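In what comes next, subunit A is part of two complexes: it sits with subunit B in the first one and with subunit C in the second one.
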Partner chain A sequence: MGIHVIKMPDVGEGIAECEVVAWRVQPGDAVKEDQILADVMTDKATVEIPSPVHGTVMALGGKVGESLAVGAELVRLEIEGAGNFKGDAAKPAAASAGASAPAADEPADVPHGFVPEPQRVAAGAASVSAAPSAEGVRDPGAPAARHPAPASSGSGASSRAIFRDANEKPLAAPAVRKRAWDMGIELQYVGGSGAAGRITHADLDNFIAGRQRGHSAQSGADSRYAELQGEEAVPLIGLRRKIAEKMQLSKRQIPHFTYVEEVDVTELEALRTQLNARYGAERGKLTLLPLLMRAVVLAIRKFPEVNARFDDQAGIVTRYQPVHLGIATQTDAGLMVPVIRNAEARDPWSSAKEIVRLAEAARTGKAARDELSGSTITITSLGPLGGIVSTPVINHPEVAIVGVNRILERPVVRNGGLVPRKLMNLSSSFDHRVIDGMVAAEFIQTVRGYLESPATLFVE
Partner chain B sequence: MRDIEKEPVAAEDAAAEKTTPMTMIQALRSAMDVMMERDSNVVVYGQDVGYFGGVFRVTDGLQAKYGKHRAFDAPISEGGIVGTAVGMAAYGLRPVVEIQFADYFYPATDQIVSEAARLRYRSAGDFTSPLTIRMPCGGGIYGGQTHSQSPEAFFTHVCGLRTVMPSNPYDAKGLLIASIENDDPVIFLEPKRLYNGPFDGHHDRPVVSWSKHDLGKVPEGYYTVPLDKAAIFRPGADLTVLTYGTMVWVSEAAANETGIDAEIIDLRTLWPLDLDTIVESVKKTGRCVVVHEATKTSGFGAELAALVQEHCFYHLEAPIERVAGWDTPYPHAQEWAYFPGPDRVGAAFKRAMEA
Partner chain C sequence: METTLLIIGGGPGGYVAAIRAGQLGIKTVLVEGANPGGTCLNVGCIPSKALIHAAGEFHKASHFAAEGSEQSPLGIRTSAPSIDIRRTVDWKDGIVKRLTGGVGALLKKNGVQVVRGWARILDGKTVEVRGAEGGGSGAANDAGGQTTRIRCEHLLLATGSEAVELPFLPFGGNVVSSTEALAPESLPEHLVVVGAGYIGLELGTAYRKLGCRVTVVEAAGRVLPAYDDELVRPVAARLKSLGVEVHLESSVLGMSDDGKAVRMKNAGGEEVSIAADRVLVAVGRRPRTGGFGLESLMLDMNGRAVRIDNQCRTSMRNVWAIGDLTGEPMLAHRAMAQGEMVAEIIAGKRRHFMPAAIPAVCFTDPEVVVVGLTPQEAAKQGLDCISASFPYAANGRAMTLEDTDGFVRVVARKDNHLIVGWQAVGGAVSELSTAFVQSIEMGAQLEDVGGTIHAHPTLGEAVQEAALKALGHALHI
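Our next item is the complex of A and B:
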């Protein structure tokens, strides 16, 4: 037997440390080659670390949320044959507290097939006796614990109330239903913390306790008006912490100037409909976003100062010829910004395909590191949830972000009469240290010009 | 006519107190020996049962001891074997016949269902069929589809039959004596994998002998085990296991290997069923796993699950789990994929606990 130490690998260029966001194994687990040991996170990408060998986990190199330097011990395995570790085997790794052998689960060393005498309790009469009675004598020492004690109750029911729709049926084991029925409690109003939202005995206990505490005179058994208890501390780990740090940095350092303008996208939408009708089948459907990207690219030719990154320590604004367009994207893990590289070199359909590909990669955690960094300006859009106005936070160290609000058909006065037009606001923020309000306004007006006369997007 | 409400005979024999290590084969033979000695109406016959002593040697020595008129061979005709036994029983004998493998009972179905099981009803109680039909059953012996079946559900479905399946030598002898004495026709199923030792489903481990086991200590003389009482094989608090035959031992192994404190109920007699013991246990644990070797669909486990549902519904904390053979013929090549071993049983225990 030997010890094999797996070190934190270098998962991307220039990364000094990675944060452990999840352990997939625990001390004592047997692992196979290629089995995933941990998820670690760099600036924006989450990487799965597989095991190079078969073995048994002896110790983990840290806790979830901890950052480990590249080359630091990640996992220590016990393996068949010689390991790669020659040092002091007794020296525990950082988080070896849980490394004790899982002895509790092992059955006692009982001879195979042997049942100790007291384990067999005849339910009927012991018929060896001289006069077997038909009745039989039940074991008077039968287990005493009669009240329901589900195994799941140990994990503790959530104190979080779950509000069920009026026509959504509550799920509960029959024993729970019976108890609730006997106590006159309608399960409809009891929160469920079990698997698939099932109501457990502990949920019922919580509900009863809450009712005894609460204003039962008014609310009766209705949890919709019950007093709530408890709180939940959610540690910021992984991507969420990165987002928090980035937002804080941006808001602390950059004096934001936000400018909102209304854009008439009636023509643009008409054009989009025509393009999709004619080319949608072969080239893919266009959304508004690739057209907006083109408008931004073209406007940047006139206002190169918005396509830049500002190093305020060095006092240098770097303006870029290529437009690397960040597209703020919501994923299950949180906000990510995949980057459309050289957006100036793409037609709308090419941009559309790249948006789809990158967004999917970001959502599934498959985006490469360089696909999630290096943008020079960012577009953020919440689509139909875009609202009327937003105050986008600049993607530091960039100097501008263009926010898209929702499209709404509104009455507009034209030639003394009312006409229905499709209107959309652009809410954009600029780093006011390096972008004056006038420049920002002219830039957005230029974008607006392209969008309102969409032929100019194609005919320059 | 025989008295239907006949009291069980008290064990007056001092030999009942003295125990000897026996295999299940020896215990069954001892039961027939004791009853042939006590009651000259008891006759034993079947294919190879007389001169040869049975393919599993269960009737070995009985012909030598009691003569060819009490222990004899029958032609290869299950219908004939059971049919003659029904006639003998109606006219006062107590036949104990052997169907060589339970897989072979099908030709006797009409005699069992239409004659033996109905005689008391049809004759308004004037006649009964006090016969016992022994059948080795179950798998785990590399016997394939024709030597491994567990047909108990065929019999529990027929009114008028008693269906018995012991899990150990002690019960086997006591239940067989009670069956011979009983005025109803009794289907006596013998899990042949348990003939020579308990079997926990780990086929790759050495065979354990009954001589090493308390339940292999069998009184030499007369005693009975009641035909309507289950045994709590292993008391427990977490969940109730309803099982019988070989699966009693497999369930015990699953409980030990998962660490789940299962209360294992060995039904012993499938019909009449000891519902009281079942209901009391499920009400206590709130969880129930049914385990049998026979195919799952319309198996006896379906009846057990239905009864538990009817009688314990509001005590249930989890869905009732069934572990059974797959709905296929008993395979030659994949015996241990078919056999519901401790892994499958243990997984069901866990599901029942996590639900």
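Our next item is the complex of A and C:
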């Protein structure tokens, strides 16, 4: 029998560390070659790590939510025959692992980030936000993943308090009872954190603290207005952490300039209806988005400075010839930005199909890494929830993002009379360090021009 | 006379309420026609325990004097002892006097005005006190045969209970209640006890130990019918070994015409006469609701008892009732707790009478303690419970006390091991009631009691062992 160590692979683009978002195996499990061991997350892609060999899982390299350096030990397997592990056979150190892992090119003889068994069990309940794949459903660990449990240390006593059935008497020692009466507290509404649901003085303290925080003071006998206790600590892991970091980075680094303009899309909508009626069956239906994409692509020809990425460390703005259009997409796991590569080379129907394909891939967690990165400008749309105005956050390191608001039919004065027109706002943000307000405004006015005279979208 | 709180009745409920009210600065008047202390101190708990103790000591001495196979294995020999029951009663009276005097002093110390006399309620705020004849205790403000009218803001009724009289066997002459049985002028030759509840058995056993012939007549199928069969068995066995004759499923019909025998219908349905020179009727107690104008308040009743809520409020505002007057369980310690609480409520505190358990003790031989739920009661409430008993036959201390009959039983919820009841029967188990009720009030689990070091060698070890047994790992059985 030998020990085979599987290391965190380099998943490309010079990434130094990956976050474990789900374990598909547990110590003691038998694994086959090509069986998925873990899901790890890089920038915004979730990557499945398969096992190269048959064997039995001995230990896992970290907790869910932990970042492991590329090259760090991911899984240790016991296999038939000689393993690949030449290091000291002594128990791996129970280092409490961190992002500051050994560099990727260092030999990972000292296993990094090993978690002793009992801890792992506790942490194992904490879970995964990356969209579970189809295979994941068969994984016994997957159901637990739907209910992220707070980290074992994170929850206060109050969240563990047991609440009784309505007909069950509250259990409290005489001193606690008396104190509750003195304070005018009905013990029926106080959760008990003690053994067998005993209400302790600490529970009373928590209850009072909850009241002082301004929860409805007197709940009376009406259960609809009963005060609630408890809290849930939700660890920020996986995609959610990536989103948080990305948003923080963007807002911290980029002075946003947001510009809102109204666009009359009456003609555009009429054209879209006509196109769908005529070509819908064979080419698929068009939404507004592929038409907007085309307008953006065309406007970029005049304003190449908005189709760019700004490396503020190096002080270099890179302008791109191709338009790699990011489309902000909501998934169960959170916001993702699949990228339509070379949008300039697609007609609206091709773009529409690509949008659908990528959105689906993102939602099911199947999007490949290069489908989720490398955009040069981003469009964000909340569809019918678009609202009147939004303040989009630029997808760092890009320099512009175009937000789409809701279309509303409104009366407009034309030639001295009122006419119904379909109006829509575009709310767009620009990196004011490299895009001046005038340029931004002109860019949006150009987009607006294309959209209000939709024939120009097809005439060049 | 004007006061904030007027208490009718100076028993354990009334006097405790008065002391607590005094501590809290409430102007309080206590009306009592007899000595303070009520039934409990004067003609109940305390005198009966004194008599039981004296009888036990005499019985022990008699045992040491026995010959042959009855001889004490301890090797102690005495000559046949005798007892002067008048001196016994004097000794008992001395204890009672000390205690009632103590209560009077406490009332005085706390500024309670005691009015000696019998109260009559005029309305919910007015009481008339007809002064009692004769002198009172030091603290008493004697109404001296006159009538005093007292107006109050709060009226607390604490009139207690009285022995139930059988219409076909009225008290008088040789037919006595527990009150008279506790102060005998002489010992009867043959005492017939009607009723095998705790009062009948406590006194019947004491008289038997004092050397009297004792016959107990009970309508139910076993003695102590309010307690479960398993608990009662050691008591029934002891009665038998002491030579107390017990007639179960038998009902008393009355006295014979010459007054020298009790007529009864036995279990077979035949009418028989038992010669008796004294008859103790101990068929229960009922709330004392008559004779003080209670009916004028037209309070809501609960059977014969005054109906109260969990703050001891009656159906009339600022009229409160505590203790035996409010029905079962008629126990002094319940009345005391209620009295203390009412005083605190009147002082503006928020209180409720919501004990997790009220212990009940029978000073029979052996003693019986019941706290919380029995296994049967728990099952009736739909609780899924486990229970376990630890026998005194396996307790070293019980052996050294020559008293190995009995056991300690614990009842706990199966799901979380929360203790919901304790029962025990055995010598001196009354003192274990403290541990029992404390564990329940504190919300103890079996593991709490099982994990507490109990002193060795004590009878209390059986408490820990019962909990361990319920958990499946008793050590000494």
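The rule is simple: the second predicted complex is superposed on the first by the 328 of 460 C-alpha atoms of A that agree within 3 Å, B and C clash if a C-alpha of one lies under 4 Å from a C-alpha of the other, contacts with A are read in each partner's own complex, and residues count from 1 in each chain.
Just so it is clear, a residue touches a chain if its C-beta (ideal position, glycine included) is under 8 Å from a C-beta of that chain, and two chains touch if they have at least 3 such contacts.
The shown structure was predicted, so the numbers you read here are calculated from the model rather than taken from an experiment.
A.B. asks: On the A-aligned overlay, A:Ala196 touches which partner chain: subunit B = first, subunit C = second, or both, or neither?
C.D. replies: The second partner, subunit C, only.
A.B. asks: Which of the two partners, first being subunit B and second being subunit C, lies in contact with A:Arg177: first, second, both, or neither?
C.D. replies: both
A.B. asks: Hey, is it subunit B or subunit C that touches more of subunit A?
C.D. replies: Touched residues of subunit A are more numerous for B.
A.B. asks: Share the list of subunit A residues that count as touching for subunit B in one structure and for subunit C in the other.
C.D. replies: Subunit A residues touching both partners: 173-174, 177-178, 195.
A.B. asks: Looking at the complex, which residues from subunit A come into contact with subunit B?
C.D. replies: Its residues touching subunit B are 104-105, 107, 110-115, 117, 119-125, 127-132, 134, 136, 139, 142-143, 145-146, 148, 150-152, 173-178, 195.
A.B. asks: Can you list the residues on subunit B that touch subunit A in the complex?
C.D. replies: Contact set of subunit B toward subunit A: 8, 10-12, 16-17, 174, 197-200, 205-206, 208, 212-215, 219, 223-226, 228-235, 237-238, 249, 252, 256-257, 259, 265, 274, 277, 283-284, 286, 313-318, 353-355.
A.B. asks: Note which residues of subunit A are touching subunit C in the complex, please.
C.D. replies: Within the complex, subunit A contacts subunit C at residues 171-174, 177-178, 181-182, 184, 194-198.
A.B. asks: Where on subunit C is subunit A touching in the complex?
C.D. replies: Within the complex, subunit C contacts subunit A at residues 349-352, 354, 413, 416-418, 441-443, 445, 447-448.
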